[in-house]
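Note that chain A is present in both complexes that follow, paired respectively with chain B and with chain C.
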Partner chain A sequence: MSFWTRRIIYIVFAVALSIPLVTNWQVTPDIGLEARQLYAAVERVPADKIILINQQYEATTIAENGPQTRALMAHMMQRGKRFAIIGLDPVGPGLGQQIAEELAKKYHRPYGETWVNLGYNLGTAAILKGLARDIPGTVKKDINGKPLSLFPVMKGVRTAKDVGLLIDVDSTSTYAVWLAYFTQPNQVPFAVAPTSVMVSDIYPFMNSNQVVGMLKGIAGAAQYERLADAPGQGYKNRMPVFMAHVTIILLILVGNVQEIQRRRKVDAEGAA
Partner chain B sequence: MTALRSLFTPLHGTALVMAIIGAILFFVLVFAGLHALPSRAKRSLTIAATFLAGLFYFLEFILPNNFGNTKGVGKDNFLSPAVSPLSDFLMVVGAMAFGLGLLNLIQIHGRALIRMRPGWHNAFIFFVGLIAMTAVGITHGNHPTAKGWTNAYDFLFSGLYQSLASSVFALLAFFIASAAFRAFRIGSVEATLMMVTAFIVMLGNVGSEVLTGWIPPDSAFAFLRLDTMTYWIMTTVNMSAQRALLFGIAMGELAIALRIWLSLERGHFFDQD
Partner chain C sequence: MTRPLAAFWPDGAIMWAGVACTLAIFSLLYKENPVYRFFEHLFIGLATGYALSVTWNEILRPKWWEPMAGSGAEGGQWWLMFAFLLGLLYYTLYIRKLAWMSRLLIGVMMGVGAGLAFQGFVSTYSPQIAAAFTPLLPGQGLSVFQLFNNWVILLTLIAVMTYFFFAFEQQNKAVQKTAKAGRWLLMISFGAIFGQTVMARMALASGRLNFLLNDTGLTDAIRRLFGH
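And now, the complex of A and B:
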């Protein structure tokens, strides 16, 4: 591929991505079954139980996992559902905190009353086994180092039995560990909000009802925003992704047409 | 078990300081003793520790409810109360790994900077980033309401780190576009099938409303909608393939876990000695 071909591809791609952003092109998403099931699962969580949101992503995938988190938290704050942010990744809980603080102002949900941040917890299987048995005993303090007993949102939350739903906002396939050590042994409903590339891995678990709902990347975030009536980044980021997909498909087709032409030329030269 | 639990009881004030000093002295002696052991003894100790650690979690998982538990509460067996303290222990060990990683980075970049090796400017930027983020992060954590430190933290974390990380990741899209043009060639029936499937799933997941949204989802032609086709591909073709993969991976993981637990893995621990 020549020097200029590569640059032309980059320019075409950049223009295609920019069109929806510049023109603010947005299309109302059709809501898929997976997002609808997750919405229903959040609605089903009773007032005496808490929702855990595992923030398992870093800034690299914030374009997908950020809007997913925002849509989920917006729904929970609208409905006054109790939730706790947690993370097995050092950056994730901080990113979740930023989103929650922003939404808390909008929905008037002060920190500690209906939501709390349990921060980063080092480890995987052993920590999840500890959490299942004793949440305040394992986490002990919130992200700011304050004892969990200070927060009304944690009242009555002791073990996995007090968790009404676990949602794993994930870019690293940690869902399998939560499934094995926390949700499945303790019969906690489990939902996943993965990046688009992970979506195909989750379907076997949805089919076996081990996962009760899913947000499929940025499309899932947009669908959930529609369900929660809180349009945001999901709506906005979806169309550039659509344009990127269309451009990639066109590039593959053009590349193949070129290849066919090249083969014909080689055949013709061989015959001559 | 009570003795084990008492080890993990929070301490305060002088008792905490004494406990920290005592723990440091104890482990300095333990590590000095371990270091003085011959390789064969080190290896035996490591194998024994690995086996016992694995055995604990294995037994805790498979032993029935209330097994050996005189209190007879819920799902506990006699090993269950040690799970939480051991989680704390693992967190501490994991935190030490962070420290080791940091020391290693400081060593490598420090050497590159002092000897002005090629790329020393990268090492310099590493130290600037490390010191700035550590200083601002700790001070902001101790004074969360101080506006100046909050602004500095927001600038470094949200302004620099987040933007840089997401920008670098976003660049991948450009490489994918270029690679798609160069590499994705229809060479066989299988490749064509895969390409058509990929096109349907890509368009069905994002933006199917634009292309086939006009087909009513409850009509006889609903199967022509891209999202319907994508759902069928994902829940029928993809799911069976994924299940097969998962079973294969699980069997492999089981074999690897057993090999590590029983220290049968080649090159394990002190084999290089």
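And now, the complex of A and C:
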């Protein structure tokens, strides 16, 4: 491969990805079963229970996990579902806070009334076992250092039994820890919004009903945006990914044709 | 969210810093260069500093320092000092004569980890073992597709497990063919994983390009230039 071959491929990709973004080409996504199941799971959460949204990602995967979070929160704020942001990663809860604040203005949901941010919690298994037994006793304060008892959204929320659904927006496979130490032992419904790389890892858990719904990367985000009637980045970023797939298929074909031609040439030279 | 190109402070400054960082990191695609190296180190430094700051402000200060050293209703829990002293035992690793003290702590942590891993394994995988026992015969309210899926799951499970059966040499022809089928099924799953990996990476690239083209207002500016 010459110095320029790889660079030309990068340029081809940049152009292919940019076309839908510049022309604002958007196609309404077909809704998959996994997104539909997650939507239904959110709808099923009763008013006396809270939804926990674990924000387990950093800026590096915000293009996938950001739209997923936005679509989920938009749905919850539309319906007035109570939810709490939480994270076992220092960056995730802050990113979730930014999205929630933006949506709270649109849907008129002041902080503390229907949503709260429990911030970053250090440790994995130990903190989750603590949360299962005593949520306010384990977290104590929100992301701004205020006692949880000040917020109406936390009223009646004490143990895992008061959690109606846990959604793990994840780029680091932390879903396995939540599953092992929080949702499975306490029979809390569990859904995952992973990056596309992780999707195939989640399917066995859906087959065994340990996971009740899933948003498959950016495609899942677009599907949920359609379900929640809140089009956003999922819609916008889906078509560039489609273009990338088409480009990759074309490049594989071109590469194979080139290789076949090269072999034929070698064979012909050998025969001569 | 589209921001006007003219906006500069404070959102604008943050946005243009983002543009500079993105382009500097993308410059690696051309070739290794000092600008890329600088921004890479800047990112590592920022991420580490941010993580330290958040760990202190959201974990150590409210849950350890203030209860231990604070004077309020929650203060005065002086015994929390022992957590710090026990944590310091890790660093005896660097002193040969005292290194045995670190092993006390490491031993305890290993015991805790092993216990938790056992519990985690049982709660994670036992429902999957149960879910592998699916009905295979018609007449139980299952559609043809569900039955087909159940057969696919069973046959895939048997084939892949046979492939990983290394306890003795696979000489039996039936075992060999089943293991070969398992290898093919694994290859198909690797293909699916590769497709999803591409999708993930391209979604991230698309997010950055959307930022460069739309969030900066560049696309709007080009459209205005051409009278659209």
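In this section, the second predicted complex is superposed on the first by the 272 of 272 C-alpha atoms of A that agree within 3 Å, B and C clash if a C-alpha of one lies under 4 Å from a C-alpha of the other, contacts with A are read in each partner's own complex, and residues count from 1 in each chain.
By our rule, a residue touches a chain if its C-beta (ideal position, glycine included) is under 8 Å from a C-beta of that chain, and two chains touch if they have at least 3 such contacts.
Keep in mind it's a predicted model, so treat the numbers as computed, not measured.
Once chain A is used to superpose the two complexes, chain B occupies space that clashes with chain C.
When both complexes are overlaid on chain A, the residue A:98 reaches chain B alone and has no touch with chain C. In the superposed pair of complexes, A:209 makes contact with chain C only, with no contact to chain B. By the touch criterion stated above, A:199 is placed in contact with chain B and with chain C alike.
In the superposition on chain A, A:68 contacts neither chain B nor chain C. Of the two partner chains placed around the shared chain by superposition, neither chain B nor chain C is touched by A:114.
In the superposed model, A:223 makes contact with neither chain B nor chain C. Touch criterion met: A:33 reaches chain B, while chain C stays clear of it.
Once chain A of one complex is fitted onto chain A of the other, the partner contacts of A:56 are absent, as it touches neither chain B nor chain C. When both complexes are overlaid on chain A, the residue A:254 reaches chain B alone and has no touch with chain C. Comparing the listed stretches 40-48, 112-120, 184-192 or 220-228 of chain B against chain C after superposition, the clashing one is 40-48.
In the superposition on chain A, the residues of chain A touched by chain B in one structure and by chain C in the other are 10, 13-14, 17, 58, 60-63, 94, 121-122, 125, 145, 196, 199-200, 204, 207, 217-219, 241, 244-245, 248. Residue ranges of chain C in contact with chain A, taken from their complex: 29-30, 47, 50-51, 54-55, 58-59, 62-63, 116, 119-121, 123-124, 127-128, 130-131, 153, 189, 192-193, 195-200, 202-210, 213-214, 219, 222.
The touching residues of chain B, when paired with chain A in their complex, are 57, 80, 83-84, 86-88, 90-91, 94-95, 141, 144, 157-158, 161-166, 168-170, 173-174, 176-178, 180-182, 184-186, 195, 199, 202-203, 205-210, 213, 217, 227, 231, 234-235, 238-239, 242-243, 246.
On chain A, the positions that touch chain B within their shared complex are 1, 5-6, 9-10, 13-14, 17, 27-30, 32-33, 58-63, 94-95, 98, 121-123, 125-127, 129-130, 133-134, 137-138, 144-145, 196, 199-201, 203-204, 207, 216-219, 238-239, 241-242, 244-249, 251-252, 254-256, 259. The touching residues of chain A, counted against chain C in their complex, run 7, 10, 13-14, 17-18, 21-22, 58, 60-64, 66, 90-91, 94, 119-122, 125, 140-141, 143, 145, 176-177, 179-181, 184-185, 195-197, 199-200, 204-205, 207-210, 217-219, 233, 236-237, 240-241, 244-245, 248.
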